[in-house]
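Chain nomenclature is as follows: A, B, C, D, E and F, assigned in order of appearance, with residue numbering initiated at 1 for each chain independently.
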């Protein structure tokens, strides 16, 4: 290719943002359409590699619900959910781990490496990165866990070596068994524990809407208190609740800013980073 | 517990071996019964953690054939082999990766961590650790690969951080696709590339036998030339050929000693390490 | 500002170039219109700071002929030249040093720092960075020197600290006196000594022309031998000769590529870096 | 040799203790029969080298009373004691130093090195490791000192280099003269200053006895307060008092556990380390 | 040369002072006759290089008023002063910077390097070392600044590399413009910021005199309070006031001792350093 | 004290020598009158500490023949010599070690520390620093050894920590027993192994004399060949032969210069170091 002066100028306009995030950790919950659509996925991986090369420290956290359900069905097991949480018996847990750590994770690692990054896939069991305990619930959900501790030592070792960590959200239980943990929640805890500069949750909606029915009612910035009030008052959609919880946990844990953005938009990550106002909804302490 | 004088003396007898292997890399191909039998598996993980704490650098490489076949069958796909190599179409490859990297690998990682180690699971795609190309064969075996390159940078980063690497043998192909590679072969190449002190292949036989029919005809030591001659002359059993190839590749690549040992024996690894004569068959350059 | 998707895409297109030059040293001879025109100057400083933040190691080398002549005239001294070289008596040398090291250099340092870089100005006398001896010539030119040695230790110290070096081309003579040395020549020697990836000479012409009269006859790439032939055959313009010499010295000293580019074009540096074909003329070994 | 499975299992049983003491400092006051009997001495040196190789940081402190008395008598000087403390005139001090630093110390160093360790002998004068002042007493004991300060810098330098320090208890006085200091006391202060995990005093008794007459009345654990009470109440034997003082000083100075063990038992050190209940008497804060 | 025993003894007498200042930072305001007289200048540079080689960390700060005035006159501009401060319009500022950073600074750097040191010249604009704001005054003095901040990072980088920093007192203003700042004041602030062991101001008087008329009334030591009282009471000469201010700022900022010495005496620096009582006047907190 | 200008100037005259030996290792064989006379001894220790503080790396090697003989006689044992070598039975060896490592060595260590250095005493057995084998001789000399190997690792560790090593010449034999080795010879081998800049042997004569009878016939410089010829031709005095051998071994092993100087002269070390022509006799390759 050949850069024109105008194109080169666009690079220069990114400079203030590059300087601001130099050496800073940015935790990205990767999911939704951006993980399914091949073109979007390639774009996200390019964005992440670019972030790495201009001096940021991106940390990717992913779940992979649809792929799990698909493999379950191929194995003759019907997925079932209670309040949005997957009922996870031992056999289901084995499938969850196999799919998240062996399929989704390695597929993302490969896609980043194809863009010239050096990604290393981890599950929460590697080096006891994520420790969970059984989540309390009205009905027994089996191996559904709640994050109790994040041990970020391995992430620091990888960062020092120049590697990009990609984390699948299978956690290690008290007796070494595996637990299925919510990826939004892991991302929020991880961001807090790493004292990340930013948490970015990639979703399939534009952000938090004032009125769920009105896509033009996007709230571009709000405080943690306002976000919690939205949950309490029932104005937040059910799918949005764990995302708001994750953002609030992050900013209350010391993260500057948490963002809920629309991963269906190409280059959503870069548009979020290289901007003053951001896209989607920003939650601050 | 309470050590008696006699028990303490046994520790002291290990001292010459501990000194000899202090800071040295030992590549272990983990497989067979020792990976299936839960008690043997726990024992191997204890042995590996002990090796780590007394100053060695164990690197585990594993395949996981039986588990792959089992999941394939559960998914309604009949495994098929040509000359001992699994015919690996795209769907099979996906299953191989899911099982090896998501199930077998994490299960070993968890077992080591339960013994107090800090294991990190990798597949050959992480940080492009293992690069493969399509293996040539008379019939098209699909995604069966041949190791072309090992990039050990990530292993050095992990060793410096005090982590024990556990490697599943899925490789990264020229266009980023996944390849199924033979675990013995990966272990041999890895040992050579890391200038390991030792390569240890855990099998379900006592070692190389002079006469395949006679379990008492164990050859305790032989040269690479003698081992190759055994293959050429047809005296080596078919299952033994890839193991001999791996050992010969390792010692010709600079590894001091390669061992084929009987993983069905409890504490086989320690019996191999803390001994002058070793168990099983030792191949040297 | 707010990046559009299209603008973000332009960033991503820079990725292959960012990866290629990551951690690499790029020596830039800064001069001509780009140093005089305030808007161009601001642009060059932005480009340099951007290069620094995306992982390159830019080293700036500058002269400052017009400013020297101007101050000389203000001090009542008429500049005089022989074959394009300034006749430099002791008083002139003092003015040269005062202007280059005290005015031009600090002005560039300040401009880079205003863009968010951390520049440190050096003259060739600092830490004996550039050692020169009296240049031989038909007439005595006084303190005009020829580079004899480059001591890059201080540049490595500054690079490790994250500073951008800006070097004015006053050299240290055998008895500690100052010498006026040609900036193109210093840049070429410096690039060779630092095993730089690239040498870029910013000029006020489009590059080397096949026919000096025809601005459309730009040669976009040539070998060192072809460039030298051009000098020998008299087809190179007199102003171009020291530039060709510097490029040839650099590539023969191990630099991959040397470029003569048109500094009058805004964003010339970035257009040169983020491109396959480059702008201006590229000379390779 | 050839390890049996049973023997290998004993190694594995040591793993929890190896993990617990990994990287921890253990100060050992070496003395009594274990320093006189050649077989016991060889055993202690093996134990210390093993401790070093499995990741602990043993620090040996020794006196050498009997050897001093013997050399004194060979030189025609009759040893004399007041309250168990050697009357130390200038000539005696010279003999003490010669024997401890030149004979006992180098003999231990040599014995450790023969077992494959890398020992370095120090006296308290080397790098001003132990600074003493004249001990106050009813009668003038001459150069008998009381520890005033421990300067552990040299121990950290040696530990970083992988060396095992062996310290003879001659201290440096305020004017640079040598002082004879009690080895138990030095070990206690050293352990406190190094924030050691353990202090182990090797003696010629089973530990602290409830009833000095009854060897079966061993107290296996007691608090510092209980131990001090034992001294105050006169129930502790005179020889035991400095040992109790040393243990109490250590645990009050931050050491987890102090132990008085029976050095006449072969492998006493390992039996103490690789055990839950320990041998001898343990004193804790 | 050939050292006699007596000469060698003088070296040894320096030992206590060498030990005391080993690894310590000493900020020297260089100025007055010692900067003008060529023999004195050579002597100061030798002293500084000696200080460096015996383990101290000298930092030189210099102004250069007379040279500035001289160049101004050569350019047809009459210097003018208000209350001892130079009226500094934009053109004057340009001359100040050119002379200080391009002539005086490089001349000192060259003189140190001729003595075997490795000096690096800096102005306050390099790496934003000195940040100033416009000084408030009754009449507008133009670009006369007051030090607001010292960023010593570059000094630490240079010290780690074994370089001797030489700093000209041009500061960086809020909008990147240059400011003329008082060298005494910079030296005082720099010493405080670097937690220097000593600040030494080289002047053309013996020190602070009890009676300005009586050169024999030198005060050899005084407290910061006493010095301030001297200023308030009008007993300090006008030229001495900024020097007293600098000393007081330094010692109140944590510097052990500040000295006003007579730079007209050869070897004044060494006589100050290698002495108990010092020469000139010492101010302490 | 108070330095005069003249005294300060003497410091400055040392500067070229300080620069030349900065960071260089200088091995000093300390012995003769300089070790016996208390005032000379204090002087040598001051010189060594000064050398350390001005950046050199002095390494002291010492024997202690007269003290050994004196202690032997006090113990009722008559010293006996064959060809200048002490007949060393087991009991004598024990006395040699006790005196050298426990008395002479610690006395030197203490004297250096009193001057403000941080000395650490070593014998050749510490960290196997000096390995010897039985010296061959016409009559059995017992434990008289010949240096076979020097393991300088511990010296590098100590140098990195800022410690001054003081080495007594007791070596470690093949089976761990102690050997009495010649101190000149150890110093020569040590200098060669450390690639020292200088070896200095302190003796009780002015140097090598052309005519042993004529103290004015000092040879100030000679080549290794000339020195060896002097030995072969019988013109070297018997006491001088091991010293010449040590110097020749050093310079042939890569040491720049070896010196035989008169330790009876106060400040002999500094007079040797801070001089062009040196004192005594210099031997070069």
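Rule of thumb we're sticking to: a residue touches a chain if its C-beta (ideal position, glycine included) is under 8 Å from a C-beta of that chain, and two chains touch if they have at least 3 such contacts.
From a predicted model like this one, the values you see are computed outputs, not experimental measurements.
S.K.: Give the fewest steps needed to get from chain C to chain D, where each step moves from one chain to a chain it touches.
M.R.: The fewest steps needed to get from chain C to chain D is 3.
S.K.: What chains, if any, are shared contacts of chain A and chain C?
M.R.: Touching chain A as well as chain C, we find no chain at all.
S.K.: From the centre of chain D, which chain's CA centre is farthest?
M.R.: Centroid comparison gives C as the farthest chain from chain D.
S.K.: Please report how many Å separate the Cα centroid of chain A from that of chain D, as a whole number.
M.R.: Computed from C-alpha means, the inter-chain centre distance equals 56 Å.
S.K.: Between chain B and chain E, what distance separates the C-alpha centroids? Give it in angstrom.
M.R.: Averaging C-alpha atoms per chain gives centres 68 Å apart.
S.K.: Which residues belonging to chain C are in contact with no fewer than two other chains?
M.R.: None at all.
S.K.: Going by the touch rule set out above, what shape does the chain contact graph take here: line, ring, star, complete or other?
M.R.: Ring.
S.K.: State the ordered list of ring chains, commencing at chain B and continuing via chain D.
M.R.: B, D, F, E, C, A
S.K.: Which residues of chain C touch chain E in the complex?
M.R.: 71, 74-76, 94, 97-103, 105-106, 109-111, 113-114, 118-123, 125-128, 153-154, 157-158, 160-161, 163, 170, 172, 176-178
S.K.: In their complex, what parts of chain B are in touch with chain D?
M.R.: Per the touch definition, chain B meets chain D at residues 1-5, 7-16, 18-19, 22, 43, 46-47, 49-50, 53-55, 115-116, 265-267, 270-271, 274-277.
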